[in-house]
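Following this line, the structures themselves.
Each of the next two complexes has subunit A plus one other chain: subunit B in the first, subunit C in the second.
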Partner chain A sequence: MRIVVAHKWAADPQEAIVTSDGRIDQSRAQPCLSEYDAVAIALARGLADSVGAELVGLSVGGPEAASPLATKTALARGLDSILVLADQALASADSTTTAQALAAAVTELGDVALVLTGDCSIDRGARMTPAVLGGLLGWVTLTEVSALSLDRTSLTVERELEHGRQTLVLSPPAVLAVAAGAVEAPAPGMRDVLAAARKPVRQLALDQFDGDWGPLGQVQDRTLAPAPDRRGIVIATTDPTAAAAELIARLERDGLTWAGRP
Partner chain B sequence: MSRLSHVIAAGRPVGRLVERARALGGPVLGLAVGPAQVADELARTGVERVFWFETGPDTPVEAQALGLAELVANRPGHVWAGRTAGERVLLGAAAAALGAPVLTDTVDLAAPDGRLVARQAVLAGRVWQTVTFDRPVAILLEGGSAESDDSAGPPAPVEPMAAQPYALRQTDWRPTGRAPVDLKAARRVVAVGRGLKAESDLGLIEALARALGAELACSRPLAEGLGWLPKDRYVGVSGQQIAPQLYCAVGLSGQAQHLAGARAAEIIVAINSDQQAPIMSEADYILCGDLYQVVPALIKALP
Partner chain C sequence: MPFHLTDEQEIMRAAVRQFAEAEVKPLAAVLDREHRPPLETIPKLADLGVLGMTIPPDYGGSGTDYLSFILALEELARVCATTAVMVEVHASLVATSILHFGDQAQKTRYLPELAAGRLIGAFALTEPGAGSDAAALTTRAEVDGDDFVLNGQKIFITNGGFAGVFLVLAKTSPEAGSKSISAFLVDRDRPGLSVGEPERKMGIRGSSTVSLLFDDLRVPRSALLGQLGQGFSIAMRSLDGGRTGIAAQALGIAQGAYEEAVAYAKQRVQFGQPIARLQAIQWLIADMATDLEAGRLLVYQAADLEDRGLPFSDVAAKAKLFCGPMASRVTHSALQILGGNGYTEAYPVERMCRDARITEIYEGTNEIQRLVIARAALR
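Moving on, here comes the complex of A and B:
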């Protein structure tokens, strides 16, 4: 039995440079293993150990997803092996195309009881890939999963929803998106990093699979998002009381009043 | 391309989505998932028909993803849903069945000549792009009630669907007891981040919120991971997206993923000890200092 963790090698949008005409320059942004994917791997490792399953990482993306840095970074988190589907056509793929590639790889792999994912990727953050993947596979899909346990025929899942904690029972296979704060994901130690270098990496090629992997829409133009002009007024805080008075006075000048507060 | 739209309802109001879907000019069908009340409410939003996928009290809406996707596959069209966990899973299943792209963070949508033209915010809201589609799309948008009241006409007919749900059962539910909050309705918001040293210090920030007449919000790590506040209080790409008159960020760095949810605020105040924090370059009033000194002074000074 296999447990798969889908994870993405992607760059933080904070690090991209956007020019005044809306061009996006990612050349200085370093891709990384999304923070939330590390949480999913940590949770999956515990689960795989508890049932003696094999833990396989699955990464879909542009050519850099297959780089030794990318695969070793994920393997050092505790995966047993990794499967990569890297192709230029998938470099900036949307959630649906990414999910289609993941579904093709999961089907090729076979004997998969569960696919876990992070809450969302660092670059797009759409939180939709697990939902589309579950739809493509025809498997139960749940998100915001904070804990889970598995026995031969049933899976118990806990979710931390906005206003309560829910326990659910279902039978595998399933796609589960792990909540951002489900478990701690400590940085790998030297031993994990050394072990990662010896773990198997298998690559799939996109042309093994049928499908049209082109973009689903045509981008016509990009512009800098309109943002209100911020005044950037610095209020010195060496004297907190004076700072407080100045801020309040300025807010009052902006039209705020303090009457009628609840 | 078909101009048909489907609007998914799974327990939250979606009148606003129906309104947006109707604005595209095509017929709008409703897909209700949940108890009868969900179907009845959807029938009064201006949709032509409602297909109802019933779920019992111990079944989450995700159990009906497959049946809903099958229906959409047989009647291809755009599919609309709100942003909650259950709505996302239903929308994803529909997108899978159609091979449709999922549009998140849509600013604007039109269908001038049968094609769909979407303006989207990308790169954590830093860039807007215009994209055209010649196929059905799945649209994830903030739900909510319609702006104009269109409930005058007779309700649309409701047709129960007999789809086989996934075997998925809730065996326990423990409410947190914390009341839901509508951050979007708040004119003033005080948001706190990891600059707060301990959960017990939340009282200080609550006192500031009270003094300002503001609602309390936070960064994502405070709601998930630390768990000091419920998830409906965190602001950002993956959380609440708000446009209050005043947004006061306390001990919060203002990474792109956070600011994507607050950038539309009219006035931004930043209280942070780090001059280099990203929030400092997106604020109207910058108080560079220790929140444990500035916040008590503010509370004291407010009339």
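Moving on, here comes the complex of A and C:
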């Protein structure tokens, strides 16, 4: 039995800059493993260990997704092996195209009980790929997954929702998007980093799959940064108690904080 | 010379940065304020494999190259100089000395404990009358049957307040000169060892810096590290690698201050614009960035030479000689950019200024580094 974690090697949003015309420019940002995907890998590692499953990483993207830095970074997080489908045609692919490529790779891999993803990608943040992937595979798909357990026939999924904690029991296979705070994703240990170089990496080629991988599925990202909201409010008092009270009142009035609740 | 890190070095650096941001940075100001060492961080550093980076896997370490260890020190120092120097002394001065000069029994006994953080190491060389002139030390180790008996005093011993094992340099013959000095591994629980109160320091206030008193402290012959009379060369070899480590600490402190200054300059508005748009600030930032780049190349080159088994002593001295004063310059420029805010404890830059200064002093002052460099140049 295999558990797959689909992860993305994408531009680090911490390194994006906002240009003078308000556009978010990621062209000089170094790529990294999404922090959300690291959470999915950490949760999946625990699940795979509990049932003796093989944990396989699956990365779809442009040529840099197959770079040794990309694969070793993901493997150091605890994956047993990694499968990469890297092609220039997938470099700026939209959610549908990405999901099609992921579905093709999952089918090629075989014996997959679960596909886990991060909460969202760090570059697009569309939260669409898991749903499209589940639809293409014909598998149950759930988002906001905070905990998992698996036995031979059933999968128990917990989801933290606004109105409470939901527990669902279903039969695998399934596609599960893991909530951002589901588990802690600690930094990989130094030994894990060195061990990553010895783990298997298998590359797939896009032309081995049927499908239209043309430019229709490409996205040109022109994200504008939110306009700064500086109101220039000055609390004009020398009494710190009064100043603090007015600050709290203003924050409450704007819905940024509230009183009376923990 | 372009310097490219390997994939593994890049990933380790990112891993230590993630750890440092989450586990080390939140404690930095607390350690400084309370003058206490980061004892709670030691098991976490061991789990991450940082305490054992200089120790091979056969002895329970993670067995990375030295440059990876240097990157880890830089990342730790970027947020907390105290934590960085604790690791540097433990993993570089002590663990590396045992690895290079210890016999099989010493390696088997100490290295797994050091890698796991169950023992922390301290390096006991400096004495009231033997600082830069290390060979002038007067602590004696006299043969008595199958034992050595140690008497004397050490000062400024980093990690001394909680270390489980001390690498102690002592004279084993009355003659003057480096051949009269031997190295010993002294367990903390040996009768005759007294540990003084921690020093109150200008910077790295969380680092435990203590004096040691040896009063008829008896150790078995098996505590001798290396050969009789080899102690001074063991100390000098350890300090060669240690210089790169302290240079990395200085580099990390400077990097942390630089990032604080850049972030502040972008958001601080004066004269109707962020101060980053003012040429006076831009020039400071440019000089800081240039200093950092130059220092980084020296530090990485020294570590890389050591990894490749090439002579590195003078390059390590150059790295330390450059990076210590560089860290002082960069942290002071950062404070200047932050202005009055930088002078307060609300920002970490004043702490970084205080922390940077020691990197020009310990593990060889600037003046001693010049001596090492000049000797190599005039050989």
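By our rule, the second predicted complex is superposed on the first by the 201 of 262 C-alpha atoms of A that agree within 3 Å, B and C clash if a C-alpha of one lies under 4 Å from a C-alpha of the other, contacts with A are read in each partner's own complex, and residues count from 1 in each chain.
Please note the rule applied: a residue touches a chain if its C-beta (ideal position, glycine included) is under 8 Å from a C-beta of that chain, and two chains touch if they have at least 3 such contacts.
Keep in mind that this is a model prediction, so the values were computed, not measured.
Applying the stated contact rule after C-alpha superposition, one finds that A:E162 touches subunit B and leaves subunit C untouched. Of the two partner chains, neither subunit B nor subunit C is touched by A:S149.
Applying the stated contact rule after C-alpha superposition, one finds that A:Q88 touches neither subunit B nor subunit C.
In the superposition on chain A, A:T73 contacts subunit C only, with no contact to subunit B. Set side by side, subunit B and subunit C differ in how many residues of subunit A they touch, and the one touching more is B. By the touch criterion stated above, A:Q203 is placed in contact with neither subunit B nor subunit C. Once the two complexes are overlaid on the shared chain, A:G134 sits against subunit B while remaining clear of subunit C.
In the superposed pair of complexes, A:T107 makes contact with neither subunit B nor subunit C.
Judged by the touch definition given at the top, the superposed model places A:P188 against subunit C, while subunit B stays out of reach. Put simply, subunit A touches subunit B in their complex at residues 12-14, 16, 18, 22, 24, 94-97, 99-100, 119-120, 124-128, 130-136, 138, 140-144, 156, 159-171, 179-181, 216-228, 230-235, 237-238, 240-241, 243-245, 247-248, 250-251, 254, 256, 258, 260-262. Across the complex, subunit A meets subunit C through its residues 32, 68-69, 72-73, 76, 186-194, 196-197. By the touch criterion stated above, subunit B contacts subunit A in their complex at residues 60, 62-63, 65-66, 69, 85, 88-97, 99-102, 104-105, 117-118, 121-133, 135, 137-138, 140, 166-176, 178, 180, 188, 210-213, 220-221, 224-227, 230-232, 237-238, 245-246, 255-257, 263-269, 278, 281-290, 293-294, 296-298, 300-303.
Of all the residues in subunit C, the ones that touch subunit A in their complex are 7-8, 10-12, 14-16, 18-19, 22, 47-50, 52-53, 57, 62-64, 68, 72.
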